[in-house]
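Beneath this line is the structure, given in structure tokens, with notes to follow.
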Amino acid sequence: MERKPKNIFREGAIPAAFVGDSIAKHATNHNIGGHSIFLGQVRADEIGGKKVQAIEYTTYEEMALEKMHEIREAIFAKYPLTCMHVYHSLGAVPAGEICLFVFTSSAHRKPAIDACAECVERIKAELPVWGKEIFEGEGYQWKVNTP
Amino acid sequence: MERKPKNIFREGAIPAAFVGDSIAKHATNHNIGGHSIFLGQVRADEIGGKKVQAIEYTTYEEMALEKMHEIREAIFAKYPLTCMHVYHSLGAVPAGEICLFVFTSSAHRKPAIDACAECVERIKAELPVWGKEIFEGEGYQWKVNTP
Amino acid sequence: MEILFFGQLADMVGKPSWQTDTVQDTDALKARLEATFKGLQQVKYMIAVNKKMVQTNTTLSCTDSIALMPPFSGG
Amino acid sequence: MEILFFGQLADMVGKPSWQTDTVQDTDALKARLEATFKGLQQVKYMIAVNKKMVQTNTTLSCTDSIALMPPFSGG
């Protein structure tokens, strides 16, 4: 039986309190010794005199969820993890707000830290998601990820 | 003028909500593109049939704060960070609760991720802090860190 | 067959999807797309067939789901 | 001079600190400590002088703050 891919997408910004709540939920798991978290935050970059006020994310959802499922399985196969959670925003996320939340846990610190870093790299490189940088006033440009 | 070392120590567990609040405070910094967080959580290890119910931390505080200041300066010199925050518990932290919180932020993801991982390693190796694993019922043993 | 466009490619072609007669393979599809939407000749794009990226020329059937994607910029 | 003991060393010697006459250097201090607290001969410990770890024999003055520490286990 194939496991249904989890939906990682959330409409709008990921609230900081949601991160706190996610951490709190893991207090009942007494095998966990370390958590590693990565958060992507929208920068108000200035480009040609215009300031980014938000990034609007779109995706090819079916493909993204399949790919994320593949990444998840590969990372669980490679590292002795207890848990792994990934959330990515869709739609507009204002500057200063969180657009990506990757959260890994393991008995000892190394697997959680390495798995989190690897997951972030793979998400940036392999998930069909696009960011549109919306300028203050008017105009936009398509975001380009740094390698 | 020498900067006074920040006090990183907190009595008891670090609440998950405190982590959420710390993240939320960074929403006003629009140069941040990535946050990396490490959390140490107390495991209920079973040792010779006895279960760890808490770890009690003690430190040589003056030396620990000086050393932490030195680590902080070295990491800021090495990575282009926007912020770095470190909190370590003293006293008893029950299994499932957070005893270490390391939080780094930077414009792009790599420096935050690398600095956080390096800071955690240095804290474990260089800070004069000792954990005493308190068993359910009675008894204790001194914690030994895995390299 | 239906071709989906994402990100700046949807901007460029002015629509999120496009209906066209079934073509034999992805090379033929590229040729047809670039003849119809000249802008595509100037930009980097990838093709996914049934939600998998294809790197080499791939045979297509009329039921395949096909997507044109610019470089990813999530996170 | 006062010697501070931390972690399991405080357990072992039964007190958090110990007063002793000033010794010349850390090698002489070790010899005196291990003669007084035999348990110290069996365990790994480090010496900090004025909050800095010392790896080699170091001259001591009566105003130095000295600490005996077992391997760290924070985090």
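Assorted remarks:
When the chains are written out, they are named A, B, C and D in that same order, and each has its own residue count from 1.
FYI, a residue touches a chain if its C-beta (ideal position, glycine included) is under 8 Å from a C-beta of that chain, and two chains touch if they have at least 3 such contacts.
All of these numbers come straight from a predicted model, not from anything done at the bench.
Chains touching both subunit A and subunit C: none.
With centres computed as the average of Cα coordinates, no chain lies farther from subunit A than D. Put simply, the C-alpha centre of subunit B and that of subunit C have 48 angstrom between them.
Chain centres here are Cα means. That of subunit B falls 26 Å from that of subunit D.
Averaging Cα coordinates per chain places subunit A and subunit B 23 Å apart. Multi-chain contact residues of subunit C (touching two or more other chains): 75. Touching of two or more other chains is recorded for residues 40, 109, 120, 124 of subunit B.
Contact annotation for chain pairs lists A-B, A-C, B-D, with touch applied as defined. Looking at the complex, you find that subunit B touches subunit D at residues 40, 57-60, 62-63, 66-67, 88, 99-100, 120, 123-132, 142-145.
Of all the residues in subunit D, the ones that touch subunit B in their complex are 4, 6-8, 11, 48, 51, 67, 69-75. Against subunit A, the residues of subunit B that register as touching in their complex are 16-21, 23-24, 26-44, 95-98, 105, 107-109, 112-113, 116-117, 120, 124, 146.
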